[in-house]
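Worksheet: one structure, shown below.
In this document, chain identifiers A, B and C correspond to the written order of the chains, with residue numbering beginning at 1 in each.
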Amino acid sequence: MLKIIFSVIARDLQLAMRRQADIVSALFFFVIVVSLFPLGIGPETDLLRKLAPGVLWVAALLATMLSLPRLFADDHRDGTLEQLALSPYPLGLIVTGKTIAHWLVSGLPLALIAPILGVQFDLAADALWVLTLTILIGTPALSGIGAIGAALTLGLRGGGVLLSLLVLPLYIPVLIFGAGAVEATVSGLGGDGHLSLLAAMTTAAIGFAPWASAAALKIALE
Amino acid sequence: MLEADNLECLRGDNRLFAGLGFTLAPGELIYLQGRNGAGKTSLLRMLIGLLPPESGDIRWQGESIGKQRDEYHAALCYLGHHNAIKEELTPLENFHHAARFAGQDMDEDAALDALAQVGLAGREDLPCRYLSQGQKRRVALARLVVDRRPLWVLDEPFVALDVAAVDWLAQIISAHLQRGGMAIMTTHQAVEIPAGAVRELRIG
Amino acid sequence: MIDRFNLYRFASPATFYPLAGKLIPWFAAAGVLFGLVGLYIGMLVAPTDFQQGEGYRIIFIHVPTSWMSMFIYLVMAFWAAIGLAFNTRLSGMMAQALAPTGALMAFLSLWTGALWGKPMWGTWWVWDARLTSELILLFLYIGYMALVAAIDDPRRADKAGGILLLVGVVNIPIIYFSVKWWNTLHQGSSVNLTKSSMAEIMLWGMLLMALAFWMYAIAVALARVRTLMLERERNAEWVRKMLSEENA
């Protein structure tokens, strides 16, 4: 069971390494969007500190969305998806592997770069730490839920826009608790409750979402 | 043994075929014939379980394929229109991943040997992007050299191949049939398969 | 016990089409009747609120439409589950037929909420937990309709839409509670509808209006499902027969 998940992760990572430009451009998108906010709202540090959690988290959602349309589309186009669907392993496990690989190349880099961007918004050290932690814990849920949208819109006209229409409303709880944890830390309330709820959502999303994605993929392959 | 019973296929408002049935026993090959759009590919996709039939039943070793998906897939090798080749990866890497997804362990020597057989010796480590259409097709076909799964479902396997490669593939299929394998395939070219019981099935 | 055979027979468009046609006028009439009585109670019988004056009477539209917008989503998810489990043709069409009405209810609820908010808090929009959830619900409806519209093959559209509805229905409670928590954390203003002092007659007015919207939703959905059936089954035997009979 674990073997197939690892095989899928290994292949997707290998592919991602051969086209690093994709990872880098999603990362730069994140950096640029976040950096535009101070230009739009002014440089007052008080205001920026207050806006930072929301801005960083919304930008993280959008950056994750950027790579989602290709999650299954490449495999679909060259016939690999058919072979994956015909594998003797349950398709849900294969999708789990693809989801984890997607997180490793999209969510994880965001978490690593987030503290640097947080400094731009004058966040204190503890807030930076919690920010990194929330993005680290929260982005797997984004990959899991996003995979459902990617599977549902596979091969459709205007799939990318449609994908954001379907997926962004479902991202709202992750956004609320992710940004909420940072905000609670900034205001001195402590973000532990938010973090545990975020972890719970990620666990649920990684556990259940791949099976919904698998069902959607089977429909797309008919 | 693969049995299809009273299959019906609808595509949109069109009924492509209905009441289609056949059996495929070990050592047998079925050539699927029919004009363009008759539903050859749809039938193959039904047989591999990706497209649920409108009505009718497909049985593998006496049991409906829907009830034993994993076992059936372990016995099935499908080659579609697309090569399932990643342009960024080398033939060898593609070969390895394909084997792993099919649940097989692949040793390096067997893989290199298979690739050499399809004429890709010396190109094992070149990204597939630099290969020609025909060579990419050969990378996909190289899997058949080592594939010992009993049922082969091949959609237009001879497309984009030169004469020598067509002969080579016919040999590979014969060897598969002689081992007691089964195969069903579509093709536009009339290719002589030297061994095995070859039948034609016309649809549409 | 539901007889499996009968269930499938009922789910067949050929049987359902004429049945739906006969039912529509009854539901429409019931909707008008409930609506008239509900409006009469809401506008004339219910007492003027001592704090909010006459303006509060918009809740006789606002509250029932909010209820219906959530209820219709649940009904759609129910049909989606049936459709995915039993592969019945009717289920997907029912879900699709309900979606525009559900979206309309969500929209009406937001609109009346805004109209009510202006005189009450002096602003058209507040990030109140209820209004925010309603807005997200409207997004979910729009997403569903966009997905179904983007898929050409009606069967794939039904199934893909079904999965989205089930994912949505699992998420709605999570979204609702997260929004609620977010709201209390930020001490946003809150619409307090369930006043303990709410007169019984007001509750009756709201219930009657909810029934009126319910009947309306059924009548409109049935009319829409009939159109969907004709469109999808235009080549089927029963449609041809019916059309030739109508033309004769």
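We take it that a contact is a pair of C-beta atoms (placed from the backbone, for glycine too) under 8 Å apart; a residue touches a chain by one contact, two chains touch by 3 or more.
Because the structure is a prediction, the values reported are computed rather than measured.
Asker: Looking at CA centres, what chain is most distant from chain A?
Answerer: B
Asker: Measuring from CA centroids, which chain ends up nearest the centre of the complete protein set?
Answerer: Taking the mean of C-alpha atoms per chain, the most central one is A.
Asker: Nearest whole angstrom, what separates the Cα centre of chain B from the Cα centre of chain C?
Answerer: The separation of the two C-alpha centroids amounts to 48 Å.
Asker: How big is the gap, in whole Å, between where the Cα atoms of chain A centre and where those of chain B centre?
Answerer: 37
Asker: Mind checking the centre-to-centre distance between chain A and chain C? Centres are C-alpha means, answer in whole Å.
Answerer: Averaging C-alpha atoms per chain gives centres 32 Å apart.
Asker: Counting only residues that touch at least 2 other chains, which ones in chain A make the list?
Answerer: Residues 222 of chain A touch two or more partner chains.
Asker: Can you check the complex and tell me which residues of chain B touch chain A?
Answerer: By the definition above, chain B touches chain A via 45, 48-52, 70-71, 73-74, 76, 78, 80-89, 93, 97-98, 100-103, 127.
Asker: Which of the residues in chain A come into contact with chain B in the complex?
Answerer: For chain A paired with chain B, touching residues are 4, 7-8, 11, 14-15, 18-19, 77-80, 82-90, 94, 218, 221-222.
Asker: Touching chain A in the complex: which residues of chain C?
Answerer: Those residues of chain C that touch chain A are 84, 136, 139-140, 142-143, 146-147, 150-151, 155-156, 159-160, 163-164, 166-168, 170-171, 174-175, 178-179, 181-182, 185.
Asker: Taking the complex as given, what residues does chain A use to touch chain C?
Answerer: Interface residues on the chain A side: 148, 152-153, 156-159, 162, 165-166, 168-170, 172-173, 176-177, 180, 184, 201, 208, 212, 215-216, 219-220, 222.
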